[in-house]
């Protein structure tokens, strides 16, 4: 039995990790940490867990917790973990971090986009970026896993095969992505009230969204050179879901079958990445509540562009279920253990 | 391994049964029957099943199918099964029917409320009404299970203990219930278009909704006498969920603890019925995607009334997951086999 | 030209008053008061007003403002106005109050249900309850108008004719009402976040909702005796709308035409109260964005009950547009001046 | 008084035209044509019009109607009008067509993208494309106005000033647009059911959407040369709203003020086009229910791109209210007559 703690357990991502771990036969949740709700029953905050998870929220320190569990999931704001984490803690316990603290290798890029100092840059080198399908081998042995962001996972996996194979102009990517509201978290902000968000759509973080350098870095690794791209996120009125629409210049004239073959080369063995049938566009509802990413593409002879499309559930493959997938790899369980959720429609 | 067929597999309830059975370790789905989609890949109709359920829709006859499987789920319109079913078919195969065809024992009541003739009234006597928690013993051995309606399950389980114990005036019940839109089915009707339903609420079927006699019959059994009640359903803009608010005259002055004790008497051993903590009102989101029913109550000294509240997911405990729960009882599996879904929030 | 001030102008009701007054040809908005947004451009907070209302939010005191305008709308929390208002202020300026401060004549009932002391009970006698269609004559001359609550307006107008004519048992009313989320205000509360409210329904304030005594008082005036009733509000995932479903015991056996005639007696001359055609149930979408209330009824011979139904827009007839309707009456304008909005579908 | 007829009056756009005309002081609606609902009361189909528009739907022929009214609005499917219209009809009556039948000057482009023959190409030359702000002068005198599509109006107005001034690479535009569901019409299709659309997002019509050539043609006129662009529409779960996000290569390095000045050059005198303050992103809720288009832009030094953003209500400026705006120009009324709706929030 693996013992686990969750820090930031009352946010949406933290609660989803709790839900998945509660259904994972090899894991026992030992700590549900929440500063704001310390001392309260977890089932009173998330009443879906009534009579299912019967624990109190606590406020135990990271270092103390590390001595009592095998794995800690940190679903905490940017800056929390990098301000606390030490090699000593990692000697005690492995960590899966949902924040961006160890995702970006270049500390100056992190500090520029996140506007804060990084307090443990010496740990960056051992952190592994947790896109399971891409970095599976390195994930196995890491003590510090940087779980990717939701926009990022979707944007990267959608474009990865074509970047890897140099089939698109590397700096031509225009990524427009749509997000459900749960990505904005559970903080009490006017901007996320039902009456502010429902029945409306908007772009936000235009030219400045923090997932930009993360996407560029990873696609740069795929391409083998630095990549610059345009990423524009949007908020739409739904709970869950990321939909990425990526437009790129094709480097040549490829048939459907040629491009499909490239997707299959990388993804045909991947259970959780589904390359849809010809002409089918991914829809977020068809992956909701699951670890799947649905991807597809369409070329346009008129413009010489290819349109790539990807859909995932931002709280699952975009956060919690990918974290559990990485956990499974790290601890030697079957990769899909506890992740057998079939998307729920409607 | 139990072999199963689903008739009406492309409606929302049928698809949910497919989803649950696909995750049930002791079941293999053999037939997915759909008149409208015969010959099409099931995963093309419900793309959540892409690469998960890879079968074609067929149109095999009920009697023929009965020879090849152990259990048939009929998620079909009222009138379908009673027009086809025979004792011979039941000799071949057990049936769980999602329609109202065998729910009401008095054939004249059925014919009056449903406005159609009943063609197999001789089978009514062996049909068992599948409120699992109430009729568990009879369910075990039945060949013909009449799976309850969504409003019905919620309305009955919410009031059952107090009716059984004669604590409320038997004819005083005023049930106002809210339903999500999936209860209206997947038919192409203007009335169920997004733009007709979203951002609006309405009552419908006022004084005439067909779940009325079903609720009255079952609560009458609980009370031991005929019961007449007022049932008013409403449509609200959400996918899933039934919320029942039931107002009744208390027969005496009872303390919170006395009433709670009665609920506990019937439900404390029931995994899937959760009597909430004092003063907590059930919310549909906290049962969504699961087989749970959340119930609670509040007395009002000013009026002498008690307000009973219940919430469930209409496609789960109100349809598919209760069907699988009944299936488990019928075939001797643990009652919660394949039903370990923790409600998903948000 | 009438000069107006709005206190609490950045809440949803306050902003709707601003929107209506901006379209009213005889009114000029002089003050938009908001404590939290003082000094900010109103069009930056509600960007629908961009280039339409170009004023800054201020924090002028009530008494000072009263000297500069003809009418003040207070869209403020309970307790604000009764703690500030004086006869001197009313000598300077008339007031339409959106809170409950002057709605309830019996100060002890107010203090019990609202849990706060009333600091200006001497003004209660001159306050007029602003259900325009019922109290039109008194509204004309009042200086202090208590604008009714949203649930209240809907609940009262739906039952008024039958209570007035003693056709239903006076204490038998069971009111179940549904509300859109805008009724909860624009405060930054977790409970009103999109992800907490969307795709869910719940009852709340069960047996304790503050609109109860207000409904009872007004229906008591209609009946001529004290009335006790059960009021249970619910929250459903939509922006706007109140739907009231009221079940009552009929005092005798009445035909449809007899009951319809009673509704027509009171409402046939009322532009903003629409008694629907036989068997049509009110839907909130058909009154959205307008000052209309749609009502209808259905009798049930089986139970001896009548089900009354009413629908309105909680921010319009349930708040802002009824306030403007009352304003028109108070200042001698045509009652529908500035209120010619046809409900917007979808 | 101008007499008007609406063909296709029971679709969402047709009903919105009816709503606007019912509030227009110089217009009397004479005919509400609907094939499917002939003989039914209009207020029974759209119950928001109860006691407001009391007319029956009829099925009068276009040519016959033309003899009895001054203006006909055709909110009909592609192909209807071009199959019926003649010079003789236009001698009798002016027409505002909501379909694409006369929007595209090159008949071969129309026939290719719409897959149907054009039966009255001889009328194309006199048709005027009804982007009011761009073609005001020609609109005045036309007998045949081709009212622009919803995606088109938004996409063109957002990019128009920069195309006109040659500030962006003409073939670099990548337009990603989001649409509410009302754009899909009121037909009874499974794809538009609440449970198929709610809580999901998808791209559709990728590389093939029919608004593409319309946008290209109009932006080509602005630029003075043929323009090719990538247009990808998306469906998101809301009633109304178009949001266009357009990414383009800047032809040089321009400051915010330089670009703003260009927008102001074309739009500062336009009441219905609002160029937002710096850094504010358009949101569809802030234009809902009105004739406004909100636009803004943001440059990205990292990529050399500019991101243009526009928002409008697809049933208003994207259909009905722009039609009425054009009507006002055609008949010499103030351009905003009957269009004084302030966007409604929430």
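Labels A, B, C and D are assigned to the chains in the order they are written; within every chain, residues are numbered from 1.
Here, a contact is a pair of C-beta atoms (placed from the backbone, for glycine too) under 8 Å apart; a residue touches a chain by one contact, two chains touch by 3 or more.
Small disclaimer: the values here were computed from a predicted structure and weren't measured.
Under the contact definition stated at the top, the chains bordering both chain A and chain D are B, C. Chain centres were defined as the mean of their Cα atoms; on that basis the chain farthest from chain B turns out to be D. Mostly identical positions are employed by chain B and chain C in their mutual contact, as over half of the interface residue numbers are shared between these two copies. Centroids built from CA atoms put chain B at 36 Å from chain A.
Averaging C-alpha coordinates per chain places the centre of chain B 38 Å away from that of chain C. Here the spacing of chain B and chain D, counted between their Cα centres, is 46 Å. Residue numbers of chain A whose C-beta contacts span two or more other chains: 12, 182, 195-196, 198-199, 237-240, 283, 285-286, 288, 346. Of all residues in chain D, only 12, 15, 19, 22-23, 44, 46-52, 182, 199, 239-240, 274, 276-277, 280, 283, 285-290, 294, 340, 342-346 touch chain C in the complex they form. Remark: chain A residues 12, 181-182, 186-190, 192-199, 237-239 touch chain C in the complex.
Those residues of chain C that touch chain B in the complex are listed here as 171, 174, 176, 178, 195-196, 198-204, 206-207, 228-230, 232, 234, 236-241, 243, 245, 247, 281-286, 288, 298-300, 302-303, 305, 307, 309, 311, 346.
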